[in-house]
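So that you can tell them apart, the chains are marked A, B, C and D in the order they are listed, and the count of residues begins at 1 in each.
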């Protein structure tokens, strides 16, 4: 059975396992004070071009969204997101459990624009009752988005500007950030993201780690008592070394970029294949997720030989499905899938 | 200065003050165990035609929404509402602070339909990831709505049916219920509401009381430990008698209906006046709130002599404003306003 | 049946009802922006000798404790209290629902001392793991305490000093403050409290109002967005005038003090009576609550003619009971009770 | 530098790394539906002698305590614990953030007794105001306790009986369970724990895993929508395989027991050494944690060559410190420490 249903179905890059073995018996302090966390944080700060950034490691994406949102906004504040944003209903209430409302603005290709944000916030303050209302306090964007699309540098700069003008925290969910950075269709670098956002994270779980997300507070804005903030959300691992070591490995010799680039290259191969075979694309994605529309009968047949992700019903007879490549997708996998498409 | 900006700008019906005086020195148990609460609950159950209903008194609308939602759904569940619903962003995060997401469906005249609810819930369960998502667990409707409009008996029955089919609690916010019941354009009675919903409340604050809402759990569904549920939300008054006595008064000799009818009659007078003067209506309301579109210059002039509620900017030159009548609006008030319209 | 079981079994001082009637039809803005709230706040600030204080009105004690604690400390912080403090388990989880732990220190006569607080906080910071622990962020005291006892000015000053040294908010729960201020055994004035605490409240519900507590942020420390903070806890009344007018009445011509003094005088009468009759006191209280130990048989007899508050089982044969006087206890009530003691 | 400060300073048992490598490229479903989770759950159920138990995997101890408590009790309920229990102040507010109060009963050697629980609950229900109070709903015990001590089978049975009588959930925190099971001084087996508790967890993080705790709902009591419950607390890993595979490894061929036994044996060696050298024990522990009292000067010297855990100041001149052995402590480590003691 071929597996293209997501980028988290296998383990991790072998170099991570190797380094886990090498360091296994070295005694280290717990809770993120180990040397791997410290080293990884330094490497990430350097990659970001932000010497005064602060880097923290968490285990997964929903956890990260919850901890960041809870610690950077006031109780009862609202978070502006695309309606397709992961935090908008897809995290089982994790955001609401921290006392926050998600405002889902209508997306375009999974994205929201600076003018949408601006209009929304202006409308809020124009309302005579705004003091009684949920205050927009943060903008949440995903890059790549849930549809695999990307913000351009111009779009991101505009969002950044409007957030600073309107006193909103700009938070970028980079659960699949590597695939965004390594896309052939992006003009946004890690340094750009660090310069333009207040906080973002570099996804590990979906980009070759066993687990882990690296949160970057870009300009010294780490919330007070952040260790307690993590612990009180159940997000502080005793063996923080597990997270630190993985990111230290991924940010040594550009491994993170290399493996993300592999996923992009295989996605480009796959896209070419899909085009060649005449598939209709549901969404044009420049990253590792490719969405196509297939008829249900075809889909049932495909299921026998390849796992893909069901996305949504398009009409009575068609569904949208997702193919995801990853750090470990091989040319052989692409060749194998050619036969069944 | 004439005052038409809302239905909560004055005190309460004089009969309430009279009874407060009469009963003032009679010693009563605290926390809602006084004889007035007990008597009011019995009267309300009778009016509802629900001998097995359970009635509880709370102080205000947002508090009631919060306590009811928190105690009748699971942590992290979602509440389906019209996007114009009061709970959808207008309660400063009160609902989110209980760990619940509000799903704002697009309203029509302030209302949502059974088919909207049905489609939304079906889409939820059709999603392969539904177990990861915020589960719709309750439908919240306002009657009258935030626009003064009303559900028909047919609409309400359909919502009730879909809620029972889809395992959703149906909660009706009746902050202005009296004005709905006494409208000349409704076919929905208190008994209908009690029969069709799981829980609703009869608004006191906006219908002649100093404060207070009477929550009716229509078929014995009062959540376990409800007293503690109220107290843990800061909603349990030591002198619960204040709430009980007001509702006992309002539900003696039909006072609640009479004073609501006065508001309706004065609203009809006002509407006739607005029609006569050629005002354009923003929304056709059969209750005590009347919305018209005026140009901004006119609005500035009006402000000097009459207080109305600013609703929203309609376009560059026009605004929508609200006139609200109440239990104490008099024919003289209407005559007085005629001159300034 | 004589009623001495608590100070909230009757309505309110008649002057309040009179003023409610007088002002009933005067149109006022909602949500605490009415002229009575404004006037009451000014009067209270003056009584407190704090021109830069900020005064807010809430409906009840638990609600006030919840809103104040939630808005003046960080999520997950801890509140130091006497183990007998009302917030320590007696509010059905209201404090915990805001994400706060109550540290119950062993009380002496319902009180805690500055040295207890100091030791507790020192021990916290001395713990190598303090960053993983619930941080003490506030001291909560009741004055009068739950046992009717009072802090001396010296005790209060010491607590104030230690709170400033240790960076703790000092919060005084004055649900029965009037009875404390009017005790013949106190050297603590309202001005002292305003000078020594960061926030406190003047209880209305138990001192002659129908409902209501006046929160005083003593040195301009009102939390940001406090209106939203109130609303999101269900604590913002549309007819805020109900609270404002009551406090405006109570703080006109010293009414609050006069009616509190009546309760104290009647409590002194009662105490003399209890002494004369040879009752054993459970606790020596200088305020309106008097606690005595009676044998169970006697208690059963008393119950037939007078309602008192059951406090606790003292031993197999004895119980502690509470007599509470109030603003409306009369000399006749005391004479009547003499016969049954 | 010798390291005895805790049992989570190194990585994991090498067999885990080996199996991570072996299975690394095998595609598996996410979120705990992988074959390793399923297999591990079956093995654990078998070890527990509970065919109808349900097993779930979480990443760490505080997270597990939070998710279990939040999902098995009502909002605002209280949890009975020893005052030394980890949840009582040592988790940065994680428990309080779920809206729960921890009642800290006075410990004896880190334990609480059935009679303490019984008395506490009886006193609660005897209080006339119990409906206004935080309701005790669960008993939380640690086994081994935070002091390394163990409940006897008799003590555990009595707690179990009282919990069933009083309608309390019995929850056993087994963060270090392996060391308890393998102690030479215990009569409590895994089957006993499964039979006597409602829910417990088998600690991985501190017993040879990189991370992970296996929660066992002993008699089919897994809360409704548990996957969502995990996700909404940020506790659902995309690559759930990481947890499943570790427990599958630990519960294959008794590895969990073997490595726990190593820690016990080394602790016995260490204890013998400490006795021989005349150290005074702070607490008599039959598990992998050994507490001794040393004078501060000695402690400063020791710090230069061995890391231990600072426990508390005993008096002006003495401190209590903890030595912890683990799955990977060797005889050579013990020999090495002999020289510096």
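Quick note on the criterion: a residue touches a chain if its C-beta (ideal position, glycine included) is under 8 Å from a C-beta of that chain, and two chains touch if they have at least 3 such contacts.
Being a predicted model, the structure only gives us computed values, none of them experimental.
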Of all other chains, the one whose Cα centre sits farthest from chain D: B
More contacts between chains, B-D or C-D: C-D
Distance between chain centroids, defined by C-alpha means - chain C, chain D (Å): 42
Separation of mean Cα positions, chain C and chain B [Å, integer]: 33
Distance from chain D to chain B - Cα centre to Cα centre, in angstrom: 50
Set of chain A residues in contact with two or more other chains: 75-76, 91-94, 97, 99, 131-133, 227-229, 231-232, 236
Contact set on chain A toward chain D in their complex: 1, 3, 6, 8-12, 14, 17, 20-21, 23-30, 59-64, 66-67, 91-94, 97, 205-206, 210-211, 227-229, 231-239, 241-242, 307, 328
For the chain A and chain C complex, residues of the former touching the latter: 31, 70, 74-76, 99, 131-133, 135, 224-225, 227-229, 231-232, 236
Chain A-touching residues of chain B, taken from the complex the two chains share: 75-78, 89-97, 99-103, 126-129, 131-134, 309-310, 312-313
